[in-house]
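Look for subunit A in each of the two complexes below; its partner is subunit B in the first and subunit C in the second.
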Partner chain A sequence: MKRRWTLYDPRLAWLLVAPVLLLLIFFLVLPIAVMAAYTFFTFVTAGVETSALTTANWHEFLTDSYYAGFLLKTLRVGAITALLCGVLGYFPAYFIWATTFKHKWVLLLLLIVPFWISFTIRTFSWINILGEQGVINVALLKMGIISEPLPMLYNEGAVILGMLHFLLPYMILNVYVSLEGIDRTLISAARSMGCTSAQAFREVTLPLSLPGLAAGLLLCFVLAAGSYVTPQLLGSGRDALFGNLIYDTIMGELNWPMGATLSIVLFLVLGSFAAIYTRFMGMSQIVKGLGG
Partner chain B sequence: MKARRKEEGRWAWRLTGFVTVCVYIFMFAPIVATVVLSFNASMFGGFPMTGFSLQWYGKLMANEQVLAAFRTSLWIALVTAAVTTAIGVVTSFALVRFEFRGKQALSTLVILPALVPETILGVGLLVLIKAVDQPRTMLLLVLGHILLAVPYVVLITQARMVGIRRVYEEAALSLGASRFSSFREITLPLLIPAVVGGALLAFTISFDNTSASLFWRPAGVETMPTQILSMLKISISPEINALGTVMILVTVGIPLLGGLILQSLTRLKRRDEPKEEAR
Partner chain C sequence: MKLSNGKRLERLHDRYQNGDLSRRTFLTLTAAAAAAVGLDMPWMRQALAAVEEVRFDGWGGTVQDAIDKYAFKPYTAKTKIKVVQGTFGDEDEIITKIKTAKPGDYQVIHSSGVNYYIKYVNGGLTSEINEANIPNMANVLQPMIDPFRKLTPKLSAVPYDYGTTGIAYNTKVISPEEAKEKGAGLLLDKKYAGKVGGYQDMTTRVWYAALATGQDPNNLKDMDAIWAKVRETRDLAKKFWSSGAELMDLLSKGEIVVTDAWSGRVAALQDQGHPIGYLDPAGSYAWMEDMLILKGSPMAECEELINFMLDPATSIAVAEGQSYPPSLDPTKVKLTEKIEKLPAFDKTGTMKSLTFADPIYWATNEDAWTKQWNRISKGA
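So, the complex of A and B:
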């Protein structure tokens, strides 16, 4: 039996979303589901596994402190990076929002530009700053302050610096978007009631911008904890993070079941942070932040 | 008392300005250093500058591997931009104009590829094709890039679509236009800024993608970022700095140019039809 098509027919909607739905099912949902199944497969030898079900991978993950150490280090580095981003990112966001500078679009554009520059290039460019022949060492040597180049590269500090560099624009834009949403008459009202500018900031502006700050913190934390390239380029072997562990397990050792297990662990851990966040804040703030 | 408070406020504002300037320097200093060093005559990729030279650009132009990687990335990015924009526009149209069951779930699902770490997406897809015993192909790599770009394109087009009132389309329909021509004649022209913006973003996301491409690329294929990564395994060289500079010119130049063209287009249009704006 054929029903006439109405103006906003749900069947037409399904037809329109069919491509994206197929893409998401085959490239996002199914892969994660199959990966979850793979965590119970048996590893035979490099590149070979059987579908005989086993809990050996999970057992190894849960008992070997090597993996727990990696996870904790990754979460610690992610948290430090996110907090530094929050502190350093709030000032520029506030400045751009509050400034009376006529061409503030330039400041905003400069925040978008890094998104266009290859992430790999932005990361390796730090070698030109921190390396033995980088700006800082060469300048200090020339001035005679040091006689040997300082080892600033290939340590955890350099990794965090690199991540800070690529995450700051996300943080600034997130905070800026939520500051833009504040009704400015509220601040004038607070001031006219006798608040100092510091009080008005503490009582009105800061609380109202917290959703943006929280979204920025979550985004920076998840992206930092999931990173692969930055530790690879700016860290030493000891500074490898969970993403590098996953890559080496799969591409190096060809241990697919264990690699799948580690991926699922990272997915669950980061996912639970995101779930806690959305439970309290909802999705809308993240969406706003991503849309710039 | 009051004077002192005012003084405090001024200092707080100065501090804010100072941190802002520092953050901007922090963001651009490494990039500037890379661009400057690409013109260094020295054999080593670092300071001090020993003279101005374009020789590294010449070396780059003669490097067959780099050129091949550049072509590969360019093609992938162009296809990704075109397909993602088309998918993004119809998806936003459905999400904004229609009511259907599961709409909320779908709009959350569409955002997910931007939030799940690329390493996980990379491994997942690889495990899936290993499970069904398929090889890694270019098609897979391109579809993967489309997945990574879709959230951003949908968000951009959706935001614009919300601002286009549906009465315009409905007016066209009531005057006898077909669904398709009302979309093509009314909705799409009003959506153009978001379409261009989304396409440019999809292009740069694809052209720039590193982590996921390391997992998905077919054996022996290098994209631009993976090529840079493998060149960096030896050490940083002036050639890499030159390559970085070329990439910056491409990925920053194209969107800036696009933005400028778009701006002058809308300005021209506004002059012709002063009350054309949708909102």
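So, the complex of A and C:
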């Protein structure tokens, strides 16, 4: 006799998950596997490679300090960006959560509005703000505060600023979602037991919102360390990150095997970091932060 | 240009031999073509004459605007074949896209001359042109065709225009006298540190380093000295630009006051009234551009398009619009005064006054030099 399907039948669960699993296999696992295979191909000349297997690309990556230096620089810039996002993003999130403004949705909408404009255009807009003839320099020059335009563009500061602009909404939303999950009666209880507002924040609100902050930090770090467009537009050659190195190797040198090797390295490094981080922080906490 | 069914079968056979068609597709289409010859039903003719558009990819900006306005729009009006356009800032970028696409997805490329021609040929990405289908090639400068023919006796591209990468400077900051006196040395002048630009391209950087070190760009003897000069320019540079649009933006906004620059883009800036001067120092880097047909393209239509683009009236209008001299031989075709005044224009038709890169020499060193340049550009 056939077993009838029940609501929590494992077969039903697999059936529901199957489309997503297939998508993941075809559009994530398989491309990564192809890239991994490419790392062992032989580069012949620009745009030409053979499937003769070699470890030359990995050997070059592991023995050439140029790549390690680039990787460390990328991780450093990613970490700085994530930390700044954390510091700058917490307060707006707290404000949106704590405000008694009855149209709170407007504030949340304002956070999402920038996503309606192309990321590239948003990044380009900084050129008109930070450039020699940008708003800031022109205003300062006209007010007589400076005699020469300040060099604010095409340096690491501009790259980090561009990434902050792009990543802050992710941080704010993560922290906000986490704050929203806090039972406000806990704060009232703390206050009724003699805590000042600052103490209640330090002892109750902040610890309970940490999962959101942690999730935001992870997200911002991974996105910053993997970014390519912002350093390309707002930085000079010296401010390039690992993503730019991959781009130049594949698109400039037309060296796909080495480009694939660098891509897999970045994937492994960021993947390992995310795995260790979530293990250290506790997966459930991160998921709670991401999902509320 | 209408294709006979016989010719269509030949084309199908060529595409099959090039590997563009599977055996099954080839046989199916051959059967359909044969049936069309035998039965000649009107619907079958329609089905086979399916080419309604040609894909073109170019450099965008003022250059592509001119090509679109003076060549593609009249071509579409005449033939009803639409030219679908794409753009790229760096030709290596489009080569990567072509490699990952199906043959025929990309068809005609406004390519950067023989240096890049080799890359397409090495990658097996090209089609062979039937020159008989492009009668206007008779007007094209022979010295421009020869370098291509040296690489592949049967051509896959037709030269279309040429120009130089000279020195552009902001005349509010640098006088024409100073520019003339210092020439390519302006790119290494510490007085302009932080206000220098340059094309983010290995060939241009190495070429100008060669001029700065007094070496022949087509026979470099001291590469250490070259890389030292490349680093020197890098340290003085504010930004290396990667597209014509970015070059124009940096110059017009005053972010940089001196850079190596494409002659046509500078002419466009001058037309817009910007205070930009231009000079070609001795040994300035000259280059040519061509219309290259890729594997899997509808050859008859692509050849017809290129023939249309090479028609003197079209070619002259495009040249005036994009500010680059056309590949037409001035000893055979009467060009306009405006073209004769364009930077880099060679009235003799011999091209001897221009220094082009030796394609074989540069292709031999391309991989190693590009890798080194990419490192230096990132601070190494």
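Convention: the second predicted complex is superposed on the first by the 256 of 292 C-alpha atoms of A that agree within 3 Å, B and C clash if a C-alpha of one lies under 4 Å from a C-alpha of the other, contacts with A are read in each partner's own complex, and residues count from 1 in each chain.
Basically, a residue touches a chain if its C-beta (ideal position, glycine included) is under 8 Å from a C-beta of that chain, and two chains touch if they have at least 3 such contacts.
Values in this document were obtained by computation on a predicted structure and should not be read as measured data.
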Original post:
Once subunit A from each complex is brought into register, does subunit C clash with subunit B or fit beside it?
Top reply: clash
Original post:
For A:81, is the partner it touches subunit B (first), subunit C (second), both, or none of the two (neither)?
Top reply: neither
**OP:** May I ask you to decide whether A:131 touches subunit B, subunit C, both, or neither, giving the answer as first, second, both or neither?
**Re:** both
**OP:** Based on the superposed arrangement, let me know which partner A:209 touches: subunit B (first), subunit C (second), both, or neither?
**Re:** neither
Original post:
Where does A:237 make contact in the superposed view: on subunit B (first), on subunit C (second), on both, or on neither?
Top reply: second
Subject >> Partner chain in contact with A:198 - subunit B first, subunit C second, else both or neither >> reply: first
**OP:** Please indicate which partner A:250 is in contact with in the superposed arrangement: first for subunit B, second for subunit C, both, or neither.
**Re:** both
**OP:** Please determine whether it is subunit B or subunit C that touches the greater number of subunit A residues.
**Re:** B
**OP:** Would you check which partner chain A:169 touches, where first means subunit B only, second means subunit C only, and both and neither mean what they say?
**Re:** first
Original post:
Does the superposition put A:28 against subunit B (first), subunit C (second), both, or neither?
Top reply: first
Original post:
Stretches 239-247, 293-301, 329-337 or 365-373 of subunit C: which one clashes with subunit B?
Top reply: 239-247
Subject >> Residues of subunit A at both interfaces, subunit B in one complex, subunit C in the other >> reply: 127, 131-133, 250-251
Original post:
How about subunit B: which of its residues touch subunit A in the complex?
Top reply: 5, 8-9, 12-13, 15-17, 19-20, 23-24, 26-31, 33-34, 37, 44-48, 87-88, 90-91, 93-95, 97-101, 103, 106, 108-121, 123-128, 130-131, 143-144, 146-147, 150-152, 154-156, 159, 170, 173, 204, 207-208, 210-211, 214-215, 224-225, 228-229, 232, 236, 240-241, 244, 247-248, 251-252, 255
Subject >> In the complex, subunit A residues that touch subunit B >> reply: 7-10, 12-14, 16-17, 19-21, 23-24, 27-32, 34-35, 38, 88-89, 91-92, 94-96, 98, 107, 110, 113-122, 124-129, 131-135, 138-139, 142, 165, 168-169, 172, 196-198, 219, 222-223, 225-229, 232-233, 243, 246-247, 250-251, 256, 259-260, 263, 266-267, 270, 274, 283, 286-287, 290-291
Original post:
Touching subunit A in the complex: which residues of subunit C?
Top reply: 90, 92-93, 95-96, 99, 119, 122-123, 194, 200, 234, 237-240, 249, 253-255, 366-367, 370-371, 374-375, 377-380
**OP:** Would you pull the subunit A residues touching subunit C in the complex into a rising list?
**Re:** 45-48, 66, 70, 127, 131-133, 151, 153-154, 236-238, 240, 244-245, 248-255
